[in-house]
Amino acid sequence: MPNEKIRFEGVTKRYGALTVLDKLDLSINEGEVVTIIGPSGSGKTTVLRCLMTLESIEDGVIRIDGEPLNMMERDGTLVPASTGHLRKMRRKLGMVFQSFNLFPHLTVLQNCAEPPVLALGVKRDEARKRAQELLEMVGMSDKHAHYPAQLSGGQQQRVAIARTLAMQPDILVFDEPTSALDPETIEEVTSVIRALAVKHSYTMLMVTHQIDFAHDISDRICFFDKGRIVEQGPPAAVIDAPSEARTQQFLSKVAQAR
Amino acid sequence: MDWRWDFTFDTVLPRILPGLWVTVEVTFLSFILTLVLGLVLMLARRSRSRIISFAAGEFIEFMRGMPLLVVIFFLFFLLPEVNIYLAPFWTGVLAMGIYNAAPAAEIMRGGLQAVPKGQWEAAHALNYSTYRTWRNVILPQAIGPVVPGLGNLLILAFKETPLLSFVAVPEMPDAARRIASETYRFTEPLTVVGILFLILSLASALLIRLVERHMLTENRYAK
Amino acid sequence: MQRSPIVVLVPIAFLVGLYFAVFSSVAEFLPALLNGLTVTIKVAVPSVLLAYLISVVAGLGRLAPIGPVRWASAIYIEVFRGVSLLVILFWLYFVLPEFGLTMSAYTAALLGISLNAGAYGAEIVRGAVQAVPKGQYEACTTLNYPVWHKYTRIILPQALVIAVPAMTNMTIELLKGTALVSAVTLVDLTAAGVRQNQMTYRTVEIFSVLALIYFCLAQVVRFSGVRIEQFFNRHLGAD
């Protein structure tokens, strides 16, 4: 029995009358790469944002390593999590955004070296050394003195990945990492993500519109529609031979667009 | 300190309220002048002639660094020397009208610039006449950002009218000062003036916010 | 407005020189005007610094998570933006003594001007902080930044850059506001000009010199603002 890393139990998220996540149940094992696909507005990104505590949830529990994320246990009952508890839980998570969200006033190296110093209390020299190694890994070490505005989208996203790794998370969360990129720079980012999934065996949860890429690297695909998982399973099943009508419809539309 | 309510209501308010009316009159009359001059300045700034455009640009920049009080005193002293005799009231209207024309021109220009270039090109491609282009395409889109800007300028103008009391326009602070110098009581007249200003500018700011919201719901394309 | 004020300052210096040559009477009243100018600068410089400080404190206070702090900032901003500077000056100098708080004309001028400009500046700071993209806040959350570092290292440095052009305009408005300090008996540049005019009746000359000096002061502010903006832009690699 593999180790369960993340577990969504009946998670519900509403914006006013609109239910974005409807009693979501999802479990992800250690080292597993799970990709969520689905039409826009289906709540895919919301899953990630709830996991990252960027959104509150109305009902349900999210557990990481069995420990509740948005709640904490006190005297045997669950109470809303304190800031300290949230900070502790978030240390296990690293997020890569669609729009990179690099800090524009810091250099590439500072972007990767400063967060560990300020948030984890890592020593400055150590953080710099580690940042340089990570930039090397994503192929951005020659641009360490540049500012984000001087880089292409693909380069910025690779720096953002290095920054996320610098925080030493167990779980990597990718929110449409290639959607804001020019077509010719997508490949440089996907190859970095692929290396992380294959060589470094991180637990990964990703939302993407790149169906082929998802097919390549995922252990499991979840097809999402209207705040629910319609169908999930290995790529060979969900993408190549979907059983649900809605999945077939979505995939054929995506295929047409290509 | 002692606040005297009878003094406030019997002496201060009856003498300051006419000053309030003068303030409102000056504000609106000068603002009409501001709109006309601002439009002229804006058109000059956008002129195809580089000399006119440059001159208008420099004039706007020049006026924006100039204190209103200097403009007021200048006209107040200059006009009689060139044999133009105006009541201080009208000198004040003139000074404020000219003074606010520069920012008004900038606000109008900003509104026009906010209309994407593609809109001009689309109107051109549809073979619209110049009149149709302005009337049906450009102005409806430019008016959205311009109205709140001009509204704020109007409030600013209103708050600047007290400066006219320097040249004895019988305006609120002027009235307050007269009461103070006759009775040696500063507290009531000056506080009443302050409160009246606060009420009026808060009310007008609220009004502008309402107009703004109304326009936003009317013109969905203004975002 | 993208242009180098230095280019404008040079012909102005030339024109001023020409002025001296043609209207020798300028020498008559210029010393008095320069005395006025020193008063204007003595009021303006500390007021600018104080106004910036107030802007940041009240602007952030307006966004504070603590209700009373937010309300106090909002009331301060609305009151001091709503009331004319002239009325504020009168009130500080003539009414506050009735409450037992007497201050010198200079202090009243400095306080009145910076409280008035600070209220406008606070709105600029608030707008700038809110204009920092939401993604920056989210990145700080996911990277577990402590609140203090989130603001001092990430949000405020970016807000500062956004605020520069509007703060430049605010500073020029403050400069123009110093023309009102004669209301509390200080003899600044404008007041000196008016006095000289009543003695010599050289209206056109006096007011031209006055206008040129104010224009140059405003250009110095504008120029500094542009330079600061350029510095930040180069630093951010946006050029």
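Going in written order, the chains are labelled A, B and C, and every chain counts its residues from 1.
Everything that follows uses one rule, which is that a contact is a pair of C-beta atoms (placed from the backbone, for glycine too) under 8 Å apart; a residue touches a chain by one contact, two chains touch by 3 or more.
Please read all numbers here as calculations on a predicted model, not as lab measurements.
Relative to the centroid of every protein C-alpha atom shown, the closest chain centre, again from C-alpha atoms, is found for C. Of all chain pairs in this entry, the one linked by the most C-beta contacts is B-C. Greatest Cα centroid separation from subunit A: this falls to B.
Note: centroid distance subunit A to subunit B, computed from Cα atoms, is 53 Å. Averaged Cα coordinates give subunit B a centre that lies 20 Å from the centre of subunit C.
One simple way to say how far apart two chains are is to compare their mean CA positions; for subunit A and subunit C this gives 46 Å. Considering their complex, residues 52-54, 87, 90-91, 93-95, 97, 99-105, 114-115, 118-120, 146-150, 163, 167 of subunit A touch subunit C. For subunit C in complex with subunit A, the touching residues are 133, 135-136, 138-139, 141-146, 149, 153-154, 157-158, 161, 235-238. Here subunit B touches subunit C in the complex through residues 1, 57-58, 61-62, 64-70, 73-74, 77-78, 81, 159-163, 165-166, 173, 176-177, 180, 186-187, 190-191, 193-194, 197-198, 201-202, 205, going by the rule given at the top.
Remark: subunit C residues 1, 8, 78-79, 81-88, 90-91, 94-95, 98-100, 172, 175-180, 182-183, 190, 193-194, 197, 201, 203-204, 207, 210-211, 214-215, 217-219, 222 touch subunit B in the complex.
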